[in-house]
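First the structure, then my questions, so here it is.
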Amino acid sequence: MAKKEELVCNSLIEIVGKDFVSNEREDLYLYSRDGGSTKPRRVDYVVAPKTVEEVQKIVILANKEKVPITPVGGGLTLNGLVIPIHGGIVLDMKRMDRIIEVNESSRYVIIEAGVSQGALISYIKKNHPGLQHSVPEAPTTATVVANLLIRGHGTLAQSGDNSNMINGMEVVLPTGEICQIGSSCASPYWFSKGPLPDLAGLFIGWFGTTGIVTKASLRLYPRPGKRDMMLFTMQNPDLIPDVVYKITQTRMADNIGMLEQEKPEYMKGFQFIAISISGDSEQEIEYKRGILGKIPQTCGDNENEVTVMEAEMIPLGVKKRFLDEPPFAAVAADFRKGGGFQYCGIMMPLERVPEAWRRGMEIAHKHEMLFQCANQVLSSGHEVMFGFNYSFNRADEEDVERTREAMEETNKLGLELGGIPWKADLQGQKQIIEKMDPNTLELMKKVKKLLDPNGIMNPGNWEG
Amino acid sequence: MALEDYKNIIHRCFRCGYCKFTSDYSYLGFNCPVYNKYRLESYSPGGMIWLIYASLVKGELEPSEHLSQILYSCTMCRNCVEECKFKFNEDIVNILKAAREEMVDKYLVPSMVNRFLTNVYDYGNPYRELKQNRGNWAEDTKIKQYEKGDEFLYYVGCVGSYDTTSQKAARALGNVLLQSGLPFGILGERELCDGNEVDMLGERGLFELLKEKNTQMFKELGVKKVVTLSPHSYNALKNSYSNEFEVFHYTQLLRDLIKSSKLDVSKGFEVKVTYHDPCFLGRYNNEYDAPREILTAIPGIELIEMERNRGNSFCCGGGGGNFYTDVLSSGKDSPSRIRVREVYDTGANILAVACPICMMMFEDAVKTEGLEDKLIIKDISQIVEESLL
Amino acid sequence: MDIYSSLVNIVGEGFASNHKEELYIYSRDSGAQQPRRADYVALPQTVEEIQQIVKLANEEKIPITPMGGGLTLNGLTVPTKGGIVLDMKRMDRIIEVNEKSRYAIVEAGVCQGALQSYLEKNYPHLQHSQPDAPPTATIVGNVLIQGHGHLSVTYGINSQMVNGMEIVLPTGEVCKLGSCSISPYWHARDPLPDLIGLFLGWFGTTGIVTKLSLQLFPKPKFRDLLTFSSDDIDLIPDFILDTTQLNLMENLFIISQQWPVWTQHVLYVPIISAQDQQELEFKIELHKKLLRKYEGKITLVEGRNAERMRESRLPIPPVSLTLFADVKQGGGFQYTGGILPIEKIPEVWPKALELYHKYGQPYIYADQLLTSGHNIMFGLAYCLNRADEQDTEKVREALDESNRLILDMGGILWKAELSAQKLMMERMDPNTVKLMRRVKKALDPNGIMNPGNWDA
């Protein structure tokens, strides 16, 4: 080992203990790649801290030795966001997994950065069965905090994206200070993000380039007694904006998803809109079903119909996907019997969805892939997360390369349609930056420089 | 009443700003013509009240020329009274009037206002026109002088008598009244300014003088009923003079005459008309229906309402003597030009007015906006005259 | 050229002033705060004019205080160190409404009333979240002070409804934030690195917002409210829990006032809305059923008082809050907006009552639930008589003590006036204060933007 490396490694061991540091090839192998199509990148150290103080010491060390840090939660973005771009330390936050406090009256939970979705779901179900949090469609190993910070969205998407549900955070700044953000900076209660000069935004959507979140306070919501779903089908994506608009106008849907898949055969050519509804009584559910059920007949025309699928006919897979808690995810990775899955998520306005649908299909076919999309209507219809899904065979390098190309083309399409790639991978970020208002880009750089003068935090991301 | 009498009210203004709007906060623009133009908070009703309190009540600010400019920019359109949510709303315009009276006492009055008042004092009209010419507008008509025993005194007012645009309305009304067979007459060169604008401008002394002279003259002539061309005259004679005679605005009279078939408007004519509610007929005296009843009684007329109508009517900008003093001044955001653009947007070909001041203000605005071949301004009296069989 | 002439050169004659009459008005608001010096007022109409003013301010080191409706009542739009008041209300265009994606792009000076009437006329099935304020309050001002509106229980506080902004930075550049920095659509705040937060809650110290994209929401056809009455303050958190668990109301007020007599109780006023009559009745019934478990300790108010509450609270916006200003026939009021965790309400309530008695003020609790049961805006209002300086001073003292009370209870102060900001910063995590200072310095190196605010 080179002298500097030895120094860094020893310092890390001193901070977290030798069991929780590694620069062994096998460990580095796993952290240098993810389940998507990103080419692997160099990692120098993996560290798993347990306390804020340890994180702080690591940051101070990193500044001193000019070693980059990349924090990682579940590592399930599939876009390589947690794979270092310039080597350095991967900070695996998952040992910081305490659920610190649930306040039932003001409905929030304080958790450490490494708490998984699964742990939180089961904890709340057991101890506070009247409450829930917004759970993303991801494997349960995804961490709650990371999902907030990449502005994920979940079962309560009608209330906005998950970052709206943050009451506060504890952050270790790139310069080493520990800061309380939100009401916790001036109160023992982590019940509200403000009203204070908003600092939370400085850490949301920045992909770890501005600091390391070690704790977060997340809003909880009432859990309804009953949940059910409805499925609408059609054979023309042009109908979608009208249907979705009307559904959102009723204010009765908890969650609205849209999808199309070319396999299995019976799904090909159909677009599905899945609506999850809830209530405290059967009467309430029936009422909502009645109102929503009237929408399809007001849409389309003789040639283009929208139909309501009979409840018994809804495929089990679809039901599990929308009603299970957490929603059942990850199956798509095996579509090509190849363990690989990635998607390009574009946040677009509702009216561009039909065009996205058609051109997305063209791109998939062009790259010899089957078209599959899984979209979610967010925030009561204010935007749609259009997910262009690509399953691939990891054992086939050409297949992986096709996925990368398709991703790049899809990012381009998304931007062309006036949308924004969600949790953009590196080349997606570059495309975004090219299109960005140059003064906005300057402001971003200024903020990053302000918070991270030595450029140690996940460098390479959001760089113009 | 003097400012003293309002001292328990003046500090109660919250500057919430409801007074700036129509009743439904129309996004077409603020309904206070002064605030809409200047946009400085000092030029809003609340701003003026606060300044009156600071300068004339509390003595925190020395009254100045700029204050006088602010206070005299108001056209006294009464939108603020209409929209203010507080219990003292009725007195908002009165407070401003009382403040103006103090400014007059301090000789702090814009020069054009000074000229207006001096002219009325010297000539009986703000135009500095000779008294003996006051009746000339009626020269080529059969309208006669008022004699004792005539049922109605047709009171024309300064603007109708001297302004060439408004004279057309004066003549049209006269002709219509002749057609109706109603016994009436005018005062001609005997007529004196009614003093409404003088009152609004805060020259209490002059107003009282005019009131006294007019009242005396009417008494001597045995006048029992007055019909006015102008809502401004209507307002003064009805509300500020004594109750010794009945006062009508001409639209009320014509409405009744049409209803009782003393006027036959069945000739009519095909046209799209919109109607502008004048402040002194509408908000001051709650008369919104009579003009509309006239227009809807005429066959062929399609009456289109502007969005800002009735109590929400947007002032033409001529009140408070401003048609002469021009303190509110001009420019593309002058109230009359804004209003004319609103009229144009309705698709109407004729803007019907019921006030000689509105008439002359809009006539000018139509020209400045380059809409002469698209929009015609007509007084309701002219529309009735043209519809008569 | 002197500063006044420069301003006139930029915005035009008539839209800048240094007359004492204008300065008088702009140096104070309708709350209890002492007036502070303003040197100039300018009313820009375009972004370019603002840029030029910012450039001038940087050159001359003269402060700028942006102002919307000026209705915070806390003096937030009154300069702390003199300088230029930038009255944004001439920039009043409603630029675009995107119906399908439900947002409106407005300039900084568009007021609540204008947007309300515009939507009513052109998009009657859409609405925006309106604060309990006169219609002259601006959309942008309300968002930037992290205000809330009649839809906040359902959709979050109004600052969460921002899709994007156009800003003039204190250094003069114009940037677009949110999806509009990349796309012709102003439909999303995410998923970019968030920069919008840098302007929310900062009281104009970090830049001047010139345009904003605001989310719109479906407008229900039917609205009604219920009034429940109770004398047991300990039940408040439970009742809030119950109503929010039911999750069917649009908004919830909790009101208690000394006058009129019938309001001398804890009055819960849930606002219910629905797309049809059946839905409305269904929701109302479910709310009434909630009372069962309280065995008479919370009861339904019917008859004349229920009607009064409807008149008072159902219109959007309600006029009732504005009328507080005339309770003492004094033309003003101010309130401590305490943002509290729900469970602290019973503890704060009697302590607040002591304060009202101590200062001889009639009590007015004007509380509004924010979001579905996560915290509450606990409003302690004090009416004042502007003509009585002694009374106004008492109100100031009462407000200060109310502020301290809220902070002692672990709350945060909404739209904190200068003294309240100081109180909070004293209690704040010092690293957070440092971070705030660094952010301000980075964005406003010359310290020209509303200086004095959030200054340690």
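The first chain written gets the first letter, and so on, giving A, B and C; residue counts start at 1 in each chain.
Keep this in mind: a contact is a pair of C-beta atoms (placed from the backbone, for glycine too) under 8 Å apart; a residue touches a chain by one contact, two chains touch by 3 or more.
Just so we're clear, the structure is a prediction, and the values are computed from it rather than from any experiment.
The touch graph of the protein chains shown is a line. Here the chain at the heart of the shown protein, by mean C-alpha position, is C. Pairwise, the chains sharing the most contacting C-beta pairs are A-C.
Centre-to-centre separation of chain A and chain B, using mean CA positions: 66 Å. Note: centroid distance chain A to chain C, computed from Cα atoms, is 32 Å. Each chain gets a centre from the mean of its Cα atoms; for chain B and chain C, those two points are 40 Å apart.
Not a single residue in chain C touches at least two other chains. Here chain B touches chain C in the complex through residues 8, 11-18, 20-21, 24-27, 38-42, 47, 50-51, 54-55, 60-61, 64, 66-67, 70, 85-88, going by the rule given at the top.
Of all residues in chain A, only 103-108, 130, 150-151, 159-161, 163-164, 167, 173, 177-181, 183-189, 191-192, 194-202, 204-207, 209-210, 219, 221-222, 224, 241, 245, 248-251, 280, 283-284, 287, 291, 347-351, 379-383, 415, 418-424, 432, 435-437, 439-440, 442-444, 446-447, 450, 462 touch chain C in the complex they form.
For chain C in complex with chain A, the residues that touch the partner chain are 98, 100-103, 125, 145-146, 154-157, 159-160, 163, 169, 173-177, 179, 181-185, 187-188, 190-203, 205, 215, 217-218, 220, 237, 241, 244-247, 275, 278-279, 282, 337, 339-344, 371-375, 407, 410-416, 424, 427-429, 431-432, 434-436, 438-439, 442-443, 454.
Partner chain B is touched in their complex by these residues of chain C: 14-15, 17, 19-22, 24-26, 29-30, 41, 43, 69-71, 87, 89-90, 94, 111-118, 120-121, 134-136, 319, 322-323, 325-326, 329-332, 385-387.
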